[in-house]
Amino acid sequence: GGEEKKAADAKEIIIGGNLELSGAVATFGTAMKNGAQLYFDEVNAAGGVLGKQIKFEVLDNKSDATEAANAATRLITQDKAVAIMGAATSGNTMGYMQVATDNKVPIITPSGTALDVTVDPNTKKVRDYVFRTCFIDPFQGIVMANFATNDLKAKTAVLYVDNQSPYAKGLAQFFEESFIKQGGQILAKEAFVPEDQDFKATLTKIKGLNPDVIYVPAYYEPVGKIVKQSREIGINVPILGGDGWDSPKLPEIAGAAALNNTFFTNHYSSQQDDPTIKSFVEKYQAKFGQVPDTFAALGYDTAILLVDAVKRSEDGTPEKIKDALISAKEVQAVTGKLSFDENHNPIKGAVILEMKDGKQTYKTYVKP
Amino acid sequence: MEEFIQQLINGISLGSIYALIALGYTMVYGIVKLINFAHGDIYMVGAYLGFFAIAILGWPFLPSLLMAMAVCAVLGVVIEKLAYKPLRNAPRIAALITAIGVSLFLEYSMMLLVKPEVRSFPQVLSDVQYNLFGSLVISSRQVIILVVTIALMLLLQYIVHKTMIGKAMRAVSHDKQAAQLMGISVDNTISFTFAIGSSLAAAAGVLVGIYYNAINPLMGIMPGLKAFVAAVLGGIGIIPGAMAGGFLLGIVEAMVSGYGKSLYRDPVAFIILIIILIVKPAGLFGKNVREKV
Amino acid sequence: MLKVEDIHVYYGAIYAIKGISLEVSQGEIVTLIGANGAGKTTILNTICGLIKAKSGQIRFEGKEITGVATQELVKRGLTQVPEGRRIFANMPIYENLELGAFLNKNKKEVAAEIEKVYDRFPRLKERKNQLAGSLSGGEQQMLAMGRALMSKPRLLLLDEPSMGLSPILVKDIFSIIKELNQQGTTILLVEQNAKMALSIAHRGYVVETGRIVLAGDAENLLNSSEVKKAYLGG
Amino acid sequence: MFQRKIGKQIAILAVLIIFWASVQAMVGLGIINPYYELNLILIGINIILAVSLNLINGFNGQFSLGHAGFMAVGAYGAAIITLKTQLPFGLALLFGALLAGIFGILVGLPTLRLRGDYLAIATLGFGEIIRGVIVNIDYIGGAYGLSGIPKLTNWTLVFWLTVLTVIVIANFVNSTHGRATISIRENEIAAEAMGINTTKYKVMAFSIGSLFAGLAGGLHAHYFYTIQPGTFNFLKSFDILVMVVLGGQGSITGSIIAAVGLTILSAALQKLAALRLVIYALLLVIVMLFRPQGLMGTKEFSLKMFRRKTKDKEGKQHGTAIGQ
Amino acid sequence: MALLSVSDLSISFGGLRAVSNLNLELNKNDLAGLIGPNGAGKTTAFNMLTGVYLPTEGDIKLDGKSLLGLKPYQINHCGVARTFQNIRLFGDLSVIDNLKIAYHSHAKYGVWGAICRLPGFYSGEKEMYEKSMELLKIFKLEHKWEELANNLPYGEQRRLEIARAMATQPRLLLLDEPAAGMNPQETHELMEMIHWIRDQFDLTILLIEHDMSLVMGVCEKIYVLDYGQIIAQGTPEEIKNNRRVIEAYLGEEAS
């Protein structure tokens, strides 16, 4: 019966959310959901797109790849979503992208940075229906390696990675390659798991190696503890990281003083004078009572990209939305003016931020 | 050599946290024979209560700690009355599943209540780094946690083995009906056990929250698991065993990270654990008492 | 002293006690005899509050005790030596005895009581630091008796105290029971060993499948032909 | 007696074929959409997991918390074969299952002298070791996991393999070997004294259980395109354990009912995010409070349960507490 | 040659020498008793005979073959079966399953036969069922075959334990207090049964018991253990009148 009802005839446009609302990375998924919801609400308040309201249908994938596939199947076949946003991690995105591809529904992961998400590593072909809003691992890794060699004059480095996160491992890999290519030396590769509380054993070992810099591509919660404990045991060298660091929580956990002499790559700086950024930060704070982190910003931007694509698709069908995404041009978003390259990765530059007395300060901008 | 000692310090400091949580775990197990999987989550609730008192109400450290302990003691007793007591005569595994249920309930109702994000404590306990013999570093908080752990271990050991209520606890653990025939109130004794166990968990939660300075609703899962491992390693139900197990686990982890590959820390730690268990099937302190036939 | 009136007890769907009334007066030894599964243990457990009766009344020293918690009854001077000993296996003998006097907060008195028990059962003194679980069956029975005496009960319920004991100890146990009685403890004794039980008891009840089928003076029961046939081995 | 068994078996087979065919038809007609089909497949996989864990925990009375680890071995074993060789899917599944079974023996032999909670910790540790090792092997994808696994699992395959699992385990359990296994749960000392080689049967239960967990893993890997070490952590083992206990330890039909029920419940609550786990947790506690022995206890669900009320004794065979 | 010969068997638990230098000889078809005060070491001796405890010294030979170091199940396969002082039935299983489990070592089909339900399975199961029912008849439990073992009254549980031991088809049967908890009537029936199975199955029986009516009534030879040592052995008459036994065990006025 209702099977035939096409998205085009429906009263609402259903956009799916396949996000981590429970389980290990529930924080990320929740922030993304908030960010996206903020934008969808704005759009709906302004009359919606294509004359329809947007309904953001979010399912919890429990931070698990299998559940992500489960949720995607439901969003597509039950809820008739025309596009899906998610998941927060590369792994969970990879868990469900094949479901979307099989059903020809475009998906955008706000923060799945692994290369393989959009490009099949075996065939080297781009995955038609998969997009992302964030950097890819190589870009951030390389940018930071360059910064370490050129600006910090580092010759030796230690990698300290979240062992369960493909994101962290990806960044580390490209940092390593690029750093070595420029004549640097990696003294050791160490790992932790995100639930760890105590890092002192490994840090003691790292201290003994006496590197020029330590690269810690990971999310802010363990990073905060790592920075704090490094300083406690007397490691004073620069500590470097990626966009996972961006959170108002970081200085709270690590302590402002400990964070001095740390640097990380990011999409934008919440201190930047850009009006888009300013208004986003204000609106988010008004609605959710806290400063947005990267995940919230990426969720917001993903929503912008999706709405833009729906608008340009004219009929709101998944196929057309996909085409519209491919042709997205300079869409003004919080994390930059976004377009997609041939591998469905956003073309955007990175900023390098330095933490000074608990504040992010803008260091340099690196063009894509 | 110096690095080795530093790693030993790191291991003991990490281990004292496992031990601190394991104490309550092992005591409840010893008396009620229940693997209280919710223990790690009471630890989490304790941390949040401490956070609430210190960060929101602006209370000083000690009253906050005591409040968290008291509230969690009540929470533990309530959980026992509602979820475990009706299952006293049921198969042990039923209570275990209920405990898993309670654990999930605490985690996710807290997630709804306080949101999933991390919180950090204001700095209430001053933290001083001491440098010993040049480059050895030890912090005042590490010392505090270690001292608290040992003190609580001794206190618990005293309560369980030397006081009459402790003897009652052991009697109840062995045979509830026979204990009643001695004039012991089983309900009160078990409530007391849960109250102590839960307030210990809360104390651990507040201390660890302040020490690592980050708490979230799922923070109890891993330490809960590690503490359980520590308790088993030491011989579950045996109070000094829990402490030894915690220290051992901490030291093993530190040594593997420091001298082996941190990439393989958890697998190696577990392999060592399994080997220890194969050699000592009842844990380090457990006597492998054969059932009298 | 104890008055049980028409109690009915169920284990789930199993109807174990089908209306039993009995009475024990101050200073008496009363024995319950009956086959396996007749319901003797159930009666004792109901009296001391470990099982709840579906209906019926139990009065102890004039006060209604139906539904009163076991530990409260112990306080009031009623305790039981349970079937199968139920000693605390992972505690040494002396701790078992200490627990017997759980309600007595006077350390000196407790110590004196323990000495009395040791005098009665020297074997326990020899092994006072041994874990109770590794004692032999007979040793455990002695411990169970001694432990119950620690609370200085006025009414003592004994459930098959002679089970698994060597003949010499059986005699000992029975003479101890008699002696206890002479020193003022009222005793309700459940026994398989009907002959011995009736020989020290004042009165007896015969229980069969949850009902009392015969009651009377111990001597009469000992000589009744039905009892002889069923419980005295011809 | 033999005749009657054959009659019964044919009847059961007929019911199964009818069930399978009607689902198949409804899938074809689109009455069962891919989402429902996915859940049917999940149900099948969960049944295999629960029934196989029940053999270890329920029938043999050993407390294993490492079932997800064996599932991981099967999943990776099978996926590697399909991804890195040209061998057919059937062989891949078999390889995964056998590999898990071998791991079962390897884990079983040294750890079976441990009892109760000590065994639980050792098996849990084993599951975590497997995961920790997989995370570090780049050849099999490391933390990324393996992706691009072809979708070879389908409803028909899952259905018949679930049936096969249930039959094999039920037949094992309802035989002298099964009784030997159960006697260890009941009283190990007595079992040993009655001539039962307890080590042999413990290892057997462990390896058969893990073999089927491996099979479930292989099916899982080839349905969801990708597998990651994180999927097989101890929380997954808990999930399976919950199914076993909820259904009744020692009841195969209980495990089946619980696996079906919990899978549906999980799907039904999907929209509720954190609230879903609160509800799930409450349900878990409530069910355990009202039925501590699990839904079925150690009994099996059968039509006889209804017949017995009207027509006593007559219909009974040499049926026992173990059930038929 | 003796069926069972125990020489200088000793065991210590920590400092406690529970059994010391125990010597025993049982010939085929003997029906012997092992008595002694509580804690004398009788059960411990059984535990060593059946491989539950490893003796610290001494040897146990069955038909000339040493049983030392064998696991309990291996000793059972050699033909030694036992009952336990504290009943150890498979409580949540039916009466007949308890027996079928004991028949396991004589089962006629393998694991594959079971899983694939080969014809051998059905005939094997049928045989086990029939043999178990036969035993149940002998022990007057056939009407309770479907009952859970836990639900049997105590006396019947004791009988079932003996029946279960018999199902392993032993040559030597060890009974630990088989009459405990039975009333005189039941004890009397048990005595006759022990006699009967000894003759019927060509068994050798060694039993521990405190009920003197049973021991004196059924045993042809009695060993008395005290503090882990044999203090007397002989016929019931000799034992009854042995001063040391009276002092240590029977008590005065032993009629």
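Letters are used for the chains, namely A, B, C, D and E, taken in the order the chains are written, and counting of residues starts over at 1 for each.
We take it that a contact is a pair of C-beta atoms (placed from the backbone, for glycine too) under 8 Å apart; a residue touches a chain by one contact, two chains touch by 3 or more.
Because the structure is predicted, anything quoted here is derived from the model rather than measured.
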Count of contact steps on the shortest path from chain B to chain C: 1
Smallest count of steps, each to a touching chain, taking chain B to chain E: 1
Averaged-CA centre spacing for the pair chain E and chain D, given as whole angstrom: 40
Whole-Å gap separating chain C and chain D, where each centre is the average of the chain's CA atoms: 49
Chain A and chain C: spacing of chain centres that average the CA atoms, whole Å: 74
Mean-CA-position distance for chain E and chain C (Å): 30
In chain A, residues with contacts to at least two other chains: 22, 24, 26, 163
Residues of chain E touching at least two other chains: 43, 52, 84
Touching two or more other chains - residues of chain D: 136, 189, 274, 277
Chain pairs that touch, as defined at the top of this document: A-B, A-D, B-C, B-D, B-E, C-E, D-E
Chain E-touching residues of chain B, taken from the complex the two chains share: 290, 293
Complex contacts: residues of chain A adjacent to chain B: 22, 24, 26-27, 30-31, 163, 189-193, 195-198, 200-202, 204-205, 208, 220-221, 224-225, 228, 232-234, 249, 252-253, 255, 290
Residues on chain E engaged by chain B in the complex (per definition of touch): 43, 47, 52-53, 84
For the chain E and chain C complex, residues of the former touching the latter: 13, 35-40, 43, 85, 153-156, 177, 180-188, 210, 212-213, 248-251, 254
Sites on chain C touched by chain E in the complex: 35-37, 123, 134-139, 141, 160, 163-171, 192, 194-195, 230-234
